[in-house]
Amino acid sequence: MQARSVRLADIAAQLGGEVVGDPETRVSQVATLKSAGPEHISFFAQGRYREELQATRAGAVIVSAEERDATTLPRIVCADPYLYFAQVSRLLNPPAPVQPGVHPSAVIDASAFIDPTAHIGPGCVIEAGANIGPGVAVGAGCIVGARSTIGEGSRLYPRVTIYADCVIGRRAIIHSGAVIGADGFGFAQQQGRWLKIPQIGRVVIGDDVEIGANTTIDRGALDDTVIEEGVKLDNQIQIGHNCRIGAHTAIAGCAGIAGSTTIGRHCMIGGAAMIGGHLHIADRVVISGGTWVTRSIEEPGMYLSVIPATPAREWRRTVALLRGLDKLYERVRRSGRGKTGTENEE
Amino acid sequence: MQARSVRLADIAAQLGGEVVGDPETRVSQVATLKSAGPEHISFFAQGRYREELQATRAGAVIVSAEERDATTLPRIVCADPYLYFAQVSRLLNPPAPVQPGVHPSAVIDASAFIDPTAHIGPGCVIEAGANIGPGVAVGAGCIVGARSTIGEGSRLYPRVTIYADCVIGRRAIIHSGAVIGADGFGFAQQQGRWLKIPQIGRVVIGDDVEIGANTTIDRGALDDTVIEEGVKLDNQIQIGHNCRIGAHTAIAGCAGIAGSTTIGRHCMIGGAAMIGGHLHIADRVVISGGTWVTRSIEEPGMYLSVIPATPAREWRRTVALLRGLDKLYERVRRSGRGKTGTENEE
Amino acid sequence: MQARSVRLADIAAQLGGEVVGDPETRVSQVATLKSAGPEHISFFAQGRYREELQATRAGAVIVSAEERDATTLPRIVCADPYLYFAQVSRLLNPPAPVQPGVHPSAVIDASAFIDPTAHIGPGCVIEAGANIGPGVAVGAGCIVGARSTIGEGSRLYPRVTIYADCVIGRRAIIHSGAVIGADGFGFAQQQGRWLKIPQIGRVVIGDDVEIGANTTIDRGALDDTVIEEGVKLDNQIQIGHNCRIGAHTAIAGCAGIAGSTTIGRHCMIGGAAMIGGHLHIADRVVISGGTWVTRSIEEPGMYLSVIPATPAREWRRTVALLRGLDKLYERVRRSGRGKTGTENEE
């Protein structure tokens, strides 16, 4: 991707921070310390990259006040180098401008509304009553179902499917293969067969939400499934019907949230974590990757339940010991009674 | 979604049950007790919603015989309120009628057969020799591979891919992003490289099967992968080559079934459960969510192996203790020998 | 799928091995011992299929030297029957020839290069500066982003998405729904909100890589995500930004690799295994299915951490015992002290 060249002085003027060294130094792209060249600006946030800082060929570096003198390269001193680096990268890599217009191969229902500043890519299908807001970019092959709305400034990458009656907020980013609003998994038992229950709720997504590739968010069974503003969802996440994900919560790839679960604001859910149905997770809870949540969590803090990989022979022994725990407890209990005749713990 | 208005008397005439209160009461949609208004019918199945029943603004409620007097609202008394509710919802929310016809942007091979009552959406590709049955709805952007058949009354949501030579039964519902018939993961080792083994089996799917968004079902390596009638698969499930899933089994989201495994009839597999390859699971087995099945299960019943989320500090301690179990056993053994000189358990 | 008929003598001439019995025996397809008919060639590799070997109706069988006399059927004796079988299957089931040409419904940017021997299916979108190599088959509805390149002889099944600036090697096989090059999950915290960090790296994929259905490989944040030659990825795998997967490593379905992790060559990663971020896995490591890797692994060998499914009542008891381990250790420690007054282990 191409980026324009800017002076450190210009960066500091926009983003704050103090330039140390030549403020006329020009950079055109961000890079890691290791791979940077003279046209790049890099950042140094953690001590463990100190060697790479010494060896870097970067044209400039972003450092914290404490590390002001850790390099002699032109640098910008700021409070949070990683955040500053993110901001510089956004400055140097603005999103491609949206080209207004509807590709002739797109199929647009006559009752759909497409804002004249929106872009509709090749092969898109926009169904009856759908509403595509100003500055929206709908990538090739996307489907926007009947009566669904896409808020201003949102970007759908190719091959996103939005079912009917869903609401996508402003400035959403939705990656390829995501499916928003498919039926939840709702059935009643009828003499050994499963009777499908119509899923008549919607998916309602707030502003500034990002949704990763091949992630699926089911529509509500009766009420809506709700993703609040600022939520960030990685790839291949499954969110069941009637869930509510609180604002500014981030969920890493392959996680799954079963139906009717409510997750608080500012939570962090690790990769492949699984949260059972009909639970409540409080604000500011951190669920470590791979953890299985079977009960509501009402206290902020970090939770986990994963057992780290172990050499096979050792682990098989541990599982055998685990299966023998009952006997071990019994033995210790007997042993204790044998000694004192009184203990009756556990 | 719009729904028509019906009288309680009409509902009971169709579905059975006894109307208590005004049989002329009209309802047009189902809703939860909490969100219902006068135009809605709700249901009361579990004691823990009793407060919501008292507070509900619903126009009518479905209750069991035991709870006949739990409300003074117009109500229908029946044996299984949840099932009855599902039936009422189906009555009020029938699937959209299928509009026969092939969209001009669809690409249909001359040798494919499309029943005149079927609907083929924009951008679909129907390959050589494929057969689309009566009343089938194929959503926008679906691909039906060569010689594959879709049975009467099935509905494919947009962007479903069916590879060549697959068989989909009648009344199937397949959600967006599902991929039916991709190659199984079959390779032979040849001097440190992987040699691909052609996957020449099919996927054969029975009647009344539902397949969730982004679920993948691989074609057989030699024989077929088979999904029997009435199976319900949630989103993002992976089913490996040569599996057979027994009739009326339900599998929740993110589960995975490795190759050549046979699952019985009327099983329930929880979300993110993983079942190893070349196993056999008996009829009526329940696998709890997140459980890892490594051996065949021949007895009906419920199986699990998940450890629930635990505050981080506590869990790290538990893992350390787990890793020390060998020593603990040894110590108890020594302690026992010390006392009796004879024990040699475990 | 159709296959041509060949003589055992012809097979052995091409692939080696010794024909025992009539070398004029013709076979047209491979099959399992159980389902084979007279037109099929099957293989016998493991003792546990000996009964099926006795009962088979196959026209010919592939056996090892040790099992030369295990059947009286026409047979080919070779060193590795499973590999030989794979080779025979490849002989009998060659990939469908690629039909050169661009479907009129495809949307090709004027600045894209399509080799005249390549096939571009209906509804494909090939963006500016993309390069489609000789003999490449791009299935219906695929998207190839700006400046991305697809190497000679690669095959994309329908509905694959390649984002901009990615590199796909030669002879790749990419299954439907795969998404290559979506943004990695990169955000900086800014006053409780997530600030997106532009993902400016690429995905670079070597030769002879296979990628399963609905698998996602994220583009690098700054440097590239790299999949080396001969890697085989099953369905629904998630590979985070900046990962490097070493040559000839195979990863089974539903596995996830978090960002910036490097995996060695010739590794085998089981289904649903999860590998944390910023780790290093050595060459020739085997990770068992469902295992969670939280630390780097520098020694070849097999690792696991999965607890097999257990009847529910028994497992709940085990979890309770696990939670009581702290007390058990304490009790054993006290008991030991009681006896000797000196022990202070663990």
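Read from first to last, the chains carry the letters A, B and C; within each, the first residue is number 1.
The definition used in the following text is that a residue touches a chain if its C-beta (ideal position, glycine included) is under 8 Å from a C-beta of that chain, and two chains touch if they have at least 3 such contacts.
Just so we're clear, the structure is a prediction, and the values are computed from it rather than from any experiment.
Asker: Would you mind working out whether chain A and chain B touch using mostly the same residue numbers, over half shared, or mostly different ones?
Answerer: different
Asker: Chain A and chain C are the same sequence; what rotation (0 to 180°, nearest 5) superposes their CA atoms?
Answerer: That rotation is 120 degrees, given to the nearest 5.
Asker: List the centre-to-centre spacing of chain A and chain B in whole Å, with centres computed as mean CA coordinates.
Answerer: Centre-to-centre distance between chain A and chain B: 25 Å.
Asker: Where in chain B do residues touch at least two different other chains?
Answerer: 105, 123, 141, 159, 177, 214, 236, 254, 272, 307-308, 322, 325, 328, 332, 335
Asker: Over in the complex, which chain C residues touch chain B? Could you list them?
Answerer: 1, 29-32, 35, 80, 82-83, 85-87, 89-90, 92-93, 103, 105, 121-123, 139-141, 157-159, 173, 175-177, 208, 210, 212-214, 230, 232, 234-236, 248, 250, 252-254, 266, 271-272, 289-290, 306-312, 315, 319, 322-323, 325-326, 328-329, 332, 335-336, 339, 345-346
Asker: Could you list, by residue number, the parts of chain C that touch chain A in their complex?
Answerer: 105, 107, 123, 125, 141, 143, 159, 161, 163-165, 177, 179, 182-183, 185, 187-190, 192-198, 200, 214, 216, 218, 222-223, 236, 238, 240, 254, 256, 258, 272, 274, 276, 287-288, 291-295, 297, 301-305, 307-308, 310, 317-318, 321-322, 324-325, 327-328, 331-332, 335, 338
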